[in-house]
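For reference, chains read A, B, C and D in written order, and residue numbers begin at 1 within each chain.
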Amino acid sequence: MVLSDDSPPEAPELEVSRWFNTPSPLTLAGMRGEVVAIEAFQMLCPGCVLHGIPQAKRLHAAFGDELRVIGLHTVFEHHDAMQPVSLEAFLHEFGVGFPVGVDAHDEVGGPPVTMQRYGLRGTPSLVLVDRAGRVRFERLGQVDDLELGSHVTRLLDEAPPPTHGDP
Amino acid sequence: MVLSDDSPPEAPELEVSRWFNTPSPLTLAGMRGEVVAIEAFQMLCPGCVLHGIPQAKRLHAAFGDELRVIGLHTVFEHHDAMQPVSLEAFLHEFGVGFPVGVDAHDEVGGPPVTMQRYGLRGTPSLVLVDRAGRVRFERLGQVDDLELGSHVTRLLDEAPPPTHGDP
Amino acid sequence: MVLSDDSPPEAPELEVSRWFNTPSPLTLAGMRGEVVAIEAFQMLCPGCVLHGIPQAKRLHAAFGDELRVIGLHTVFEHHDAMQPVSLEAFLHEFGVGFPVGVDAHDEVGGPPVTMQRYGLRGTPSLVLVDRAGRVRFERLGQVDDLELGSHVTRLLDEAPPPTHGDP
Amino acid sequence: MVLSDDSPPEAPELEVSRWFNTPSPLTLAGMRGEVVAIEAFQMLCPGCVLHGIPQAKRLHAAFGDELRVIGLHTVFEHHDAMQPVSLEAFLHEFGVGFPVGVDAHDEVGGPPVTMQRYGLRGTPSLVLVDRAGRVRFERLGQVDDLELGSHVTRLLDEAPPPTHGDP
C-alpha cells in the first residue's frame, strides 16, 4: 500500500463551467501546498450515488480542513438529463456540502475537458493530488476506506513544496 | 398484520402526463381485477433511491406478472431539476424496468394531481390497490419486506370482483 | 411463487434433548393446527449468525403469535464447541427470544436426529410446516424476505385441518 | 485526527494462556519495533462478530506484514460458554487467520488479566501500540475505517526506537 512517488505526473488544471458550494472558483494552482481529493461523478450514476459520493462525504467529515475534498461533475452521457439545475437539487437533497464543479465541455456530447485531461475512464473516479500538485492516486470504482485513509494520511504528512523564489 | 377491509376507499384514477416502459398508457380502470402496487417517488429523493425504488424492483422480481408494479413520479419540489428527460436517464441508469408515469401538474409548482388525490404526504410512498380498485395499504417511508410480502399475498389471494353485467 | 401442495410430506417429529425460552417442551403434534417456522442453525455458522437468525427474529416480530417460530440447534460439526452452555449464552447475547431446541444426537459425532429426519443438507435451513403438520417449504441458505412473507401468509390463510373425531 | 503523542503510556505486556494461529507465543517485548493492532473481543459478543472481527480482518488484509494484527479473547462474562474449544471453532468458521491469544484469568470469573492491565471497559476494543511499545489509540465500540487507516499509517511511518546498546 505504497503510493507511487516515482516522477508522478503533474495534475492538469480543472476546467469548470460552474461551481457550487464555494464563494469563488477553485483552481489547483490556488490550492498548491494542500492535498486535494477530487471525486469525479455523475449524479445519475448508481455507483456514484451509492459509493462515491458517500465516501467523499466521509472523507470530508473525517479529515475536515486538513484535506480539500472537491466534487467534479464529469457528465459524459445523458447530458440533457444532468444539467446544473438538476445537479443543484441533487447536491441539496443528498447533503453534499463540499465544493462541486461542473466539468466544462468544449464540444456538444462526449466527455468533458477535465475528465479528458486526466484520462478518466468512467465514474466514480477518485483522484488524489499532493501538496506539490502531482497526481498520486487515481482509481475507477470502489475504493477501500482503510486504504484510502492511509493514502490521504501519507500525502498529508509530506512536507509542502518549496515556494518559488525561496533561495 | 391485517389489511384494512372495512369499507376501504376507492382508489382515485391516475393522472399521468407521460409514461415510460409501457407501450400504451395505463389506467386503474383498465387494470381492474388485478392487484396494483404504486411506488410514488422522486428521482432526487435519497429515501426513494436507497429504499423505495430498490424495494419496488424486488416486488417486480418476486411477484412477476401476478402483481402490477407501477412507478409514479410525484414531483413536488425542485420541479426544474426532475423533468422527464432526467427521469428517463434515471430509469435507464438505475435499471427500472416496470412502467413509470409522470404525475401530472395542473398548476406550476406544488404537488401533482394524483399525489393530491391520494393525499400522499411525501416520497417514497407505497400504495396497494386491490382487485376491486380500492386502496388497501398506504405508507410513507420504509416498509418491511416481510410485511409487504404478506400484504401483497393477501390481496393476490382475494377473489376478483364480479364483472358488471354478470347475472 | 406457489407453495407445493401436491401431497406434501408429513413433517417428522422434533427430537430435542433440551429446550430454551419455553416453559415446557414443544412437539409438532402439540402445535397441530398452527403454522410453524423452523430455523435450523448452528451458533458458530456465519451464515446463521448473519442471515438465518436475524431473519427468524424478523419473522417472530412481524407475525407475532400468528406464527410459531422455533429455532433448532442442529450441530453437525465442532460438537464440543457448541454445547448447550455456549448456546445459552449465544441466545442471550444475540437477543433470541423464541423457543430453541437442541437437536438430539443418537450417536457421537455426525448430524443430529431431527436434521436427518428432515434430510437437511446444512445450516441455515428454514422449514415451514402447515396447519396439517406437513412440510410446505424447505430451503438451505438465504431466503428473500418478500418471498418468505408471501409463503408464510399463504399457510396462515389456509383452513385448519379437521379435528380427529369430528363427525 | 491526531494521535496522542504526549507521553503515551507504556503498553502492558500480554498475559495469554493459549495461542491460536501462531507457531510460538507472542509478546509485545518480542514485537518491539513493530506497530501492533490488538483487537480485544469475545466470540459471543454481537458487536465483535458484526464489526470488530471483520474490521480486524480488513486491517490484516489491507496492511499485510507491515502491521501486526492480533486478536485477544478477553472473556469477562459467560466464561463457561467461551472456552478455548469453542473459540477454536469460531476462528475456523469465521475465517480468522491472524494470531489470537486467550487472555489469562488469575481468578475464577471476572475480567482477565490483560484486559485489566489495559483498563478496557468492554468488547470490542481496539488498541494500537507504536514501534516503541506505547499505547497510542484505544477505543471501545465501532471505529471508522478512514480514521483507523489514518492512525495506523501515522504509526507505521514513525521511526523505530533506538536499539538498546546503540551508541
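Please note the rule applied: contacts are C-beta pairs under 8 Å (C-beta built on N, C-alpha and C of every residue); 3 or more make two chains touch, one makes a residue touch a chain.
Everything quoted here is computed from the prediction, not taken from an experiment.
Peer 1: Measuring between Cα centroids, what's the chain most distant from chain C?
Peer 2: Looking at centroid distances, A is the chain farthest away.
Peer 1: Between chain B and chain D, what is the gap in Å from one C-alpha centre to the other?
Peer 2: Distance between chain centres, rounded to whole Å: 52 Å.
Peer 1: Determine the centre-to-centre distance between chain B and chain C, using the mean Cα coordinates as centres, and give it in whole Å.
Peer 2: 36
Peer 1: Which positions in chain D touch two or more other chains at once?
Peer 2: none
Peer 1: Of all possible chain pairs, which ones touch?
Peer 2: A-B, A-D, B-C, C-D
Peer 1: What part of chain C is in contact with chain D in the complex they form?
Peer 2: Against chain D, chain C makes touches at 44-46, 49-50, 77-78, 80-82, 85-86, 88-90, 92-95.
Peer 1: Give every residue of chain A touching chain D within the complex, in rising order.
Peer 2: Counting only chain A, the residues touching chain D are 1, 58-59, 62-64, 66, 144-150, 152-154, 157.
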